[in-house]
Amino acid sequence: MPDQTLAVENLHLWRGERHVLRGVTFSLGRGTCLEISGANGSGKTTLLRTLCGLIYPEEGRVLWNGEDVREDLSAFHASLAYLGHEPPLKSDLTPTENLHYWLGVRRLLGKGELLAALERVGARPFCERLVRTLSAGQRRRVALAALALLPVPLWLLDEPTTNLDVQGRELVGELIAEQLARGGMVVAAVHHGLPEAVRNVTRLDLAA
Amino acid sequence: MAWTWFHRFGSPPHVYRLAARLTPWFAWPAALCIAAGLWGGLVLAPPDYQQGDGVRILYVHAPSAWMSLMVYTTMAVAAAIGLIWRIKVAHAVAASCAPIGASFTFAALVTGALWGEPMWGTYWEWDPRLTSELVLLFLYLGYMGLRAGIEDTQRADRASAVLAVVGVVNVPIIHYSVTWWNSLHQAPSVMRMDKPAMPPSMLLPLLLMLLGFTLLFVALLLVRLRGEVLARERAASWIREVVSV
Amino acid sequence: MSSFFDMGGYAAFVWPAYAVTLAVVFLNVFWARRALARSRAEARRRLQMQGEPS
Amino acid sequence: MSAIAVAPEMLQERARTGALGAARLALLRDLQLAFRKRSQLVQPLAFFAMVTLLFPLAISPELARLRELAPGVLWVGALLGSLLALEFLFRDDAYDGTLEQYALSGQSLTALMFAKTVAHWLLTGLPLALMAPLAALSLGVPAAAVPGILLAVAVGTVALSLIGSIGAALTLGIKRSGALLSLLTLPLSLPVLIFGARATQLAIHGAPFVAPLELLAALAVLGGTLAPLASAAAVRISLE
Amino acid sequence: MSAIAVAPEMLQERARTGALGAARLALLRDLQLAFRKRSQLVQPLAFFAMVTLLFPLAISPELARLRELAPGVLWVGALLGSLLALEFLFRDDAYDGTLEQYALSGQSLTALMFAKTVAHWLLTGLPLALMAPLAALSLGVPAAAVPGILLAVAVGTVALSLIGSIGAALTLGIKRSGALLSLLTLPLSLPVLIFGARATQLAIHGAPFVAPLELLAALAVLGGTLAPLASAAAVRISLE
Amino acid sequence: MPDQTLAVENLHLWRGERHVLRGVTFSLGRGTCLEISGANGSGKTTLLRTLCGLIYPEEGRVLWNGEDVREDLSAFHASLAYLGHEPPLKSDLTPTENLHYWLGVRRLLGKGELLAALERVGARPFCERLVRTLSAGQRRRVALAALALLPVPLWLLDEPTTNLDVQGRELVGELIAEQLARGGMVVAAVHHGLPEAVRNVTRLDLAA
C-alpha cells in the first residue's frame, strides 16, 4: 500500500457570523491518531465534516496523499469512515439489517463477517431486535460494528464513546488501537481524553 | 482561462464599485426609451385595422412578457455559474433577478388577460402559452420561497440555484408553446428569424419599449446586486469604506 | 383628446394594462433602492458588532 | 479479533460494491422500511381511493357526466397522492443520518437518489396505476379504455416521482416544508397533468392516445436524466 | 447563582402555570414553529390555490361543468391539506421529546393535545376556508354561494383536524401498524366530506344548506369532546 | 415544606422477552442523591422512566411522600424534572423560545430569570440563534438551563454530562450540589461517576 497521509492547510470557515475554523493546519501519517479537543462549540464537529468534504471550507485545502480531496471526492470517501454524534441507524430495522444496508452500499459483506462484527462489539444478543427498542449505548455499539467492518485507511470519529459504559469505552480504545496497528489513521474529537489503549496520539486543541 | 477570469470579475469589491458606477448609464437611457416608447405606443402608432386601439396593449404586454423570460434565463445562467464555480457574486446576481422577474411576469399575465377579454372574449383560458407563463410565475415564487426558508445564505444560494437551473426547461416551452400547440395566442411577430410582420410605425415603439425595459432590468439588477453582494461579505475591509459614507 | 382617453372603446382594457405595467416599473425601482438601503444598514450593524469585542 | 481476521490489511479495492449493487441495496432498504411501517404504503392509496370515491358522492352521480370528469379526477388524485408520499422520500433519511452516509459512501450519490426515486414510484406510482382502472370503471369509464388509462397513469407517475424528488431534496432542512414542497413541485408537474389528462380523455373516447403518451414518456425520460442529478446536488447542499 | 437567586427555596405552588396558560403556550409554540417568517404565511394559501388550479387543467375548462365540480375540488383540497400536515402534527414532537415533556408537565395532557389540534386547524383548515371563496369563484360559482361555502369548509375542516389528531397520535405508539392513520382517519372523515360536499353543493344552487351544515357542526362538536381525550391517551401509550 | 421522600418497592418490569427491572428497591431522603450505574442496556433509562410514571411497572410501587404516585400523577409530575438522553429542544426555535415554551407550560417564567439561567449555563452568547445551528454540547447546556429554572424537589437525570466539555461537567456538578443543598433530591444515571462537587451520594448498580 502506498504511504498515506492526511494533510490540512490553513482551513478557514465561517458559520453565520461566527469564524469557526481559523486557519486549522496539521498533517497525519500512517498509524497515528489525532485527538481533537476543545470546549463545546469550538468547532470539532465542523472540522470533522470539513475534513470528509461534507462542508467546503472558504479557505484552505484538505490533502489526501498529497492531492486535494476535491479532485476526486468519491475515491477519498471510499477510503474513509465517518461516525457523527448520532449513530446513523433506522429504528424500524434490526441492527443486522441496518449494517447490511448501510455498509453493503460500500463493500461486499458476508453474513458471517457481519455477525462476527456484532459479536465483537457485544451487539450479538440483540442483533435481531428493532433498533427502536435498543438502549442508547446499545445503538452506539451497533454503530461501532461499522468500524470493525470498514478497515479503511482513515476513520473520522465524533465523540465515539458517547453513551458507552466503562467496558464499551475500552472497546473503542481497542478498535482504534487495531486500526493504528493496521497502519490506518484516526481523527477523533473527544472531551475527556481517548481511552488508554490508544498510543502515539498527537493533540489538536481548538480554542473556543 | 475561465476560472481565473471569473474570479477576478467575481471579486466583490470590484463588482460593488463597478455596479455603483454603471447604474446611471443604464437607468437614464432606460427612462428615455420607455418615455419615448410610451409616447409612440399611445399616440403615434396607428390603431390596428381589426383590433382598433386595443392593440396598444401590445406595447406594455410584449415587453413585460419578454422581460419575464429574459430575466429568468439570466437568473438560471447566473445560478448555474454559481453552482459550478462556487462564485458568490453569480449567486448574488441570481438572487437579485427573482423579484424583478416575478413582478414583470405578473405584469405580463395581467396585461395579457386584459388584452384577452376584448380579443378572445375571455380573461383567462387554459392555453399552453398562458399556462406555462403562469407556471413561470410560480417558479419565481417558489425560488423566493425557498430562499426565504433557509437561514444560511450560502445554502440558500446553492439550493435555490438548483431550482432555477431545473426550472429553465419551462422557458423554451413558453416561447415555443404557440408554435408547438395550436394556441389562442399570437404567433411570434417580432422575436422571429425572418423580418418582422409589422409596419415600422408599430414596430419602432415596440422595439423602444423592449430596449427600455431591458436597460431598466440591468439598472435594477445593478442596484439589487450591490445589496446582495454586501449581504454575502463578512469582515471585509472594503465594506467599511462603502457603507460608512 | 377625449377620443384619446376613450381608446376607441378599449379604455377599460388599455388604461389598466398601462397602469399595472407602470406600477410594476416604479415599484421595482422603489423596491430595489429599499433593498440596497436595508443591506447597507445591515452591513453597518455587522461592522459595529465586530467593532465591540464579543 | 474476527473483524480483523476478515480484513488483515486495509480493505481491498475488489471488495467494494459496484454502483449497481449499491443502488439495488438503497432501493431494497426503502422498500423494506415501507413494508415495516405500512402507513407510507397505504396512505397514498387510501387517499387516491377517497378522491375517486368522493366525487360520485360530491357530485350527483350521473355516470354520463362522471365519465367526462374521470380524467381530471384520476390525475388530480394521482398527483396529490404521490405528492403526499413525497414528504417522506428524504426527510427520515436526513433525520437519522442515512443521507450523510450515502454522500460519504464513495458511491455515486446520483445513482442512490435514482434508486430512492424508483422506490418511491414502486410505493406510490405503481399502486396508483394499478388502482386507476378500478377508479375509472367506478366513474363509468368504458372497459376498453382501461389499458390506455393504466399505461398513461403508470408513465405519468414516473415523471411525477422524478420531478417530486427534486422538490423533496430541495426542501430538506426546511421547517414545515409541506407547503413549500408543493409550491415547488406542482408547477413543474403541470405538464404531466395536462398530457396525462389528455391521454386519458382520448382513451375514454376510444381515440388514439399515442401522441400525448409519447409526450408523457418524453417527460419521464427527461426527468429520469435530470432529476437524480438535481436531487443529488440538493442533498449535498442540505448536508453542508 | 442567579438561577438560585430567583428561587431560594423549592418552587412555590403559586408559581405554577394554569391549565389555560399551558394550552395557550402549546398553541403559540406550534404557530411560531410554522411561521418563523411571515413570508411562510402565504405558503398554505399558495398550496390550496394550486390544488384548485389543477382541476380545470385536467379537464376541458368549461365553467358550467366546473361549477358542478367545485364541491369535490374544494373538499379534496381540504382533505389533502389536513393529511399533509397531520403526519407531522405529533411526529416531530414525539421525535424531539416534546410530547414526553408535555406528559410530565403536570398539566392536563388533554388540554395540551386540544391546543395542538387547534393549531393544526389554524394552519390548514383556516387557510383553506379563506381560500375556498376565491377558488369557488374561479370555478365559476355564483358569489351568493360564498358565505355558505366558507362556513361549510371552516366547520368541516375543524372536524377533519380533530379526527385526524386521533389517528396521528395512535400511529405514534403502535409503530408497526402505522397504516392505522389512514385506515382510521379516512373512513372517519368520510362523513365530513359527504356532508361538506352536500352543503357546498346546496349553497352553489342557492338552496338552504343548513341541514348538512348542522350535521357538520355536530361532527365537529363530537370530535372536539372525544378527540383530545383519545389522542392524549394514545400519546401516553406511545411513551411507555 | 413537609419532609419529602422517594421510595421504590421491588419494581419488576419486562421489556419483550427481557426481565429488565428485577426487584429494584431503594428510598431517598431530602438533600441526597442516588447514582444509578450499570452496563449498557442494564435498565437505567427504563428505571428513570418508570420512576416518573411514564412506564407502569408490572410489579412494585413508586411512593412519593409515602403515597403511591399513581394516586395523583400530575401532582407528582409537578414536583419532578426529567431530562432524558436527548435534550427536548425544537431545532427551529431559539434557546430562549424553547425554554419559554417548554418551561412556561410548567411555571410562570420571567424574561430576566430566563436569561439569567441561560447565562448560568453559558448559553447566553447563542441564546438568540436557532437550535439547529448549535453544537451538541451547546444544546445540552440549554437543556441544563431548565434545571436551573425548575428548582422542584426531584430531579431525574439520564447521563446529564453527555456531550459536555470539562467545564460543562463541573457545571452539572454545581447544579446538582445546589439542588441537594436546597434540600432537593436527585436521581442520576451515569456511566463514569458523578462530578466531584456532588456530596452524599448513594449508589445503585443495575447488574446487566
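Chains: A, B, C, D, E and F, in written order; residue numbering restarts at 1 for each.
Operating definition for what follows: a contact is a pair of C-beta atoms (placed from the backbone, for glycine too) under 8 Å apart; a residue touches a chain by one contact, two chains touch by 3 or more.
All values reported here derive from a predicted model rather than from experimental measurement.
For the pairs B-D and A-D, the larger set of C-beta contacts lies at A-D.
Greatest Cα centroid separation from chain A: this falls to C.
Copies chain A and chain F of the same chain sequence form an interface built mainly from equivalent positions, shared numbers / all numbers used being over half. Averaged Cα coordinates give chain D a centre that lies 44 Å from the centre of chain F. Each chain gets a centre from the mean of its Cα atoms; for chain B and chain F, those two points are 58 Å apart. The distance from the centre of chain A to the centre of chain F, each centre being the mean of the chain's C-alpha atoms, comes to 30 Å. Between the CA-based centres of chain E and chain F the separation comes to 34 Å, rounded to the whole angstrom. Across the assembly, chain C contributes 46 as residues in contact with two or more other chains. Annotation for chain F: residues touching 2 or more other chains are 92, 133. In chain E, the residues that touch at least two other chains are 33, 36, 40, 43, 46, 50, 57, 175.
Taken in their complex, chain B has these residues touching chain D: 83, 131, 135, 138-139, 141-142, 145-146, 149-150, 154-155, 158-159, 162-163, 165-167, 169-170, 173.
Taken together, the chain F residues at the contact with chain E in this complex read 1, 52, 54-56, 74-80, 82, 84, 86-93, 97, 100-102, 104-108, 110, 113, 116-117, 119-120, 145, 148-153, 178, 182-184.
Touching chain B in their complex are the following residues of chain D: 166, 170-171, 173-175, 177, 180, 183-184, 186-188, 190-191, 194, 222, 226, 230, 233-234, 237-238, 240.
Taken in their complex, chain F has these residues touching chain A: 15-16, 38-41, 45, 85, 126, 129, 133-138, 140-141, 159, 162-169, 191-192. Chain E makes touch with chain F in their complex at residues 1-7, 9-11, 15-17, 21-22, 25-26, 28-29, 32-33, 36, 92, 96-98, 100-108, 112, 239-240.
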